[in-house]
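As structure tokens, here come the structures.
Presented sequentially are two complexes of chain A, the first with chain B as partner and the second with chain C.
And now, the complex of A and B:
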């Protein structure tokens, strides 16, 4: 595994006056009539995606209700969201390459660009000034000003890019599906600098960064194991860890690849969804060795720790996607088995952990549960909900 | 160390119509004329205390300027702040027993009560509905509605109370200076329940809770060692840990007791200010055994980890309170030595760690530094600044 540092000649800097081929759309048609708006804090809001309708819902998690819907967001079939540092603006990454900036307070789109042909996710820089998007088509990463979606940089790399995250030091880290590489784009430098790591393993398909922003880990579709980069020690290069992590020799059927960003880290252990197996793997985060497994009822998709690390919540791929299992993170004993309905796609904890919000696609519902009693507290109606994103993510590394 | 569970007969429930002897003050005189206000997010704001003037400053950390001052807060010589879950309201705990609710957006006091004679700090419940205050005089803890400061509960305990924190499960935990006890008040129950732990060690003077809300640890003024309560396992009672932590047999002169809430936890290690010694102690958070020490230039007061855990920042008691030392959390090597001026009282990191805001009392300045380059980025004028509190604390356990 080789490492090479290349100054930003690899990237193409684009000035504010030199927009990409995909210019901002005219937004006028997409703005909503402004409702009566009043001052309010933005710390207790969430934005949920209604994937079938190309819209998002803004949820007041204190009032426990949907306070607005914002349409006009295009194909949201695999969409995700990051937030500005003031927790006022949401950046929505659509599957169709659309990048949309929503004003949560004014409940409308402020800017929207079709920045690529097929987008898979994005990130916001540590200081909040830059939003990056990774693309399947045409590949590469594009970087925009968070103020107005002016394109700031284009980083072509001849590959689909996946697993794009922000890291401390105004960096973005991402993986190259077609080229088996991990790249770091360092925007603390001007012009920005790219550091490449080659031969990291076949077909990285997704990645995560640990909550402290230190370890970047990419899952490999083409072989077992994970590619791990210690961002505190780039000189050590990319290591292979978890040699048994993957589909294995038999190439297990996988109904839905696990979401790596959902990994749970609690009390020095990481809980990760096995690929194709009905198991959650447990790792020691000091050694990154496997130290145990939890049998679960299906192929896990998201494995999430409650913010205090006391519980591990798991949802599943088809045909088990009507279930949620909850485990004690210490004893590994099952605590609860919920069956909200078909299409449990996402679980988002309130930042201090007293509640969890769950999207139930086929019932067109978002359910809020008390995480101590497991009682249903709230049920909201939203067509085909998928991702739910709390504004508190604005303050977290890698989210 | 005995444990005793007592139902809330120990506490006195006070209905909304039965306010404490200290009724709300008339606030009219303290309200400011409302400036022209517009919609804005509240995620990037901070509130800083100007201790000599009984006022606070509201800082826009994106614009890097003070946008408002709110006077009329009484004696702020040892004041602290917590935030509502929507990050709109700040609750200021004054030394004189004043509890004040400030609307950060409207930049004014909404409610103020003198709830005790001499107050030492407070906390906000997990769900944001309750604000608790610990008192030297008359002792005990009082609990208020965060919506309007209506008193909800009075918990007399015949002792000064210290080290009050919130914990998961709608609990408050605090220590009894005069009675050598730790109490848990569980407000998930109605009426609330008190759990007492007796004989925990002589004269607990302050306490902390680990960032995941699991371990409550009280420093002891009357003897060495710390009292540790595992909130996941109350049945195990209070343990004594760190037998060498304290002033020691020789009773070292201590110019200012370290602030325990400033403990830094990074990569499985805790960095804590030694009492009376020019050292930072390093503990393994799995075993709570000491694993090393860092020599520093004075008696440490706050020992803070940058949010990514990569750096440890230390300030000092008189006569060394013009200094800040920064260490690499991994190698323990010194990275930087700053000398902002006399009276470095507090350091607050931006939530994703790119900046730190430092109050310099005797220069009447608040300095913002870049945490990578250590360059001064911003200097704001504020008379005798002390604590600086970012609204992102709204989303954190124990803050």
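And now, the complex of A and C:
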């Protein structure tokens, strides 16, 4: 109720400032209608998915409240978001193949296309002009203009595609779940060029790219280890990282695939969720050798570093998805064990890391925690929340 | 005396347990419905139309027998990403899920 009131008064203010732009008004009115609310940046805004309702919420992280909801986005049971380079538009990738462009300031949909039967995620190009979507059905990748979602390219590949990222040089990189390949689509060329890497390992399920955009690494479900591509040296081909990890050990059931996007790099070490083992793997980012493991309480899904790299936050697959464990990235000691409720699906840090926003699906809440004291700072109501996306993502390589 | 005491306990537990178990059965079904939507849904899609995992809509499961579905849920599908749910679900849970899948429309 409270939110609606705020919204409608916002609507009045926006309306008034629009009026003032069209018609001469008295000085007093112009002064009063100074668009303090209508003129604002988006840098402290986040967009959160309400997965069961096909809508997103726009969160003002400074005021710590939901300032708008945008419905009509279809099936968001697995959804993700990237942002335009001006951080004004959010591109929402939905499970039903829907790609929707939302104006965060006007709080409405500007464009929407059903581009496939079943999609999984996407990325925006280095220059911000292209949005790529990876598809399960019919497979492949489609590329759209970020200005109006007109289709620019169709890249069929006969496989479900996963781990789609943007890479420097106006490239998109993705992996083929069914065909065990990594493809690079280079849009600096016209027409675009595809480079294929075959036999990279069985069933790549997701991938990550290092924050500098140099290494693309696909996690493998069908075998141990990860496939790594050095984007500075494509001639060297795909290299296997962690080839002996877990050899001879029986795998535990995986009730939800780990996510590699948002992986953690801290002090020269990368922290990665193990697959089928209740461990976080630690790699040295110079040698890419395993240098340690952290035992955790379940199958990790997200392993994320606080932006300063000092802490590692981990959430878990069913049946342990009510837990969050936090570790010191130097000592690897546990720092905190939070239990916000069933269905902890995602964690998103504020860009400088003073707080983290956590979606708790079955409690229909988004919790904000102070990352130093671990105290709960804010609770927002949103039905079945999943991904939370800060607009700061607009300026990160890979997303 | 001893026997009488046991009977008393048994009688008491019947009174206590029966109504509770009837309630918890439907509560369990709600949990299973929730599990199907959100946890099976994390691979098969929340509307079960498929994702990384295949579609579980009734039309797409026509070729599979109840027993095949039961075994796939209980044991998982070796070589594929489908995990065994046997460690988390009882046989009656799984039978209920198979029946539920036949009905479709989440």
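By our rule, the second predicted complex is superposed on the first by the 353 of 399 C-alpha atoms of A that agree within 3 Å, B and C clash if a C-alpha of one lies under 4 Å from a C-alpha of the other, contacts with A are read in each partner's own complex, and residues count from 1 in each chain.
The rule is simple: a contact is a pair of C-beta atoms (placed from the backbone, for glycine too) under 8 Å apart; a residue touches a chain by one contact, two chains touch by 3 or more.
Predicted model only: the values in this text are computed from it and were never measured.
Of the two partner chains placed by the overlay, only chain C lies in contact with A:137; chain B stays clear of it. Looking at the shared chain after the overlay, A:41 reaches chain B, while chain C stays out of its contact range.
Touch counts on chain A: comparing chain C and chain B, the chain ahead is B. Look at A:188: by the touch rule set out above, it reaches chain B but stays clear of chain C. When the two structures are aligned on the shared chain, A:169 is found in touch with chain B, with no touch to chain C. In the superposition on chain A, contact of A:271 is made with neither chain B nor chain C. Using the contact criterion defined above for the overlaid structures, shared-chain residue A:392 touches chain B, although it does not reach chain C.
After overlaying the two complexes on the shared chain, residue contacts for A:106 are found with chain B alone; chain C is out of touch. Against chain A, the residues of chain C that register as touching in their complex are 34-35, 38-39, 41-43, 45-47, 49-52, 76, 79, 81, 83-85, 87-88. Residue ranges of chain A in contact with chain C, taken from their complex: 51-52, 75, 77-78, 95-96, 118, 120, 136-137, 160, 162, 177, 203, 205, 221-222, 253-257, 318-319, 343, 361-362, 384.
Residues 37, 39-45, 61-62, 83-89, 104-106, 126-128, 168-170, 188, 212-214, 232, 266-268, 285-286, 307-310, 330, 351-354, 372, 391-392, 394-397 of chain B are the ones that touch chain A when the two sit in their complex.
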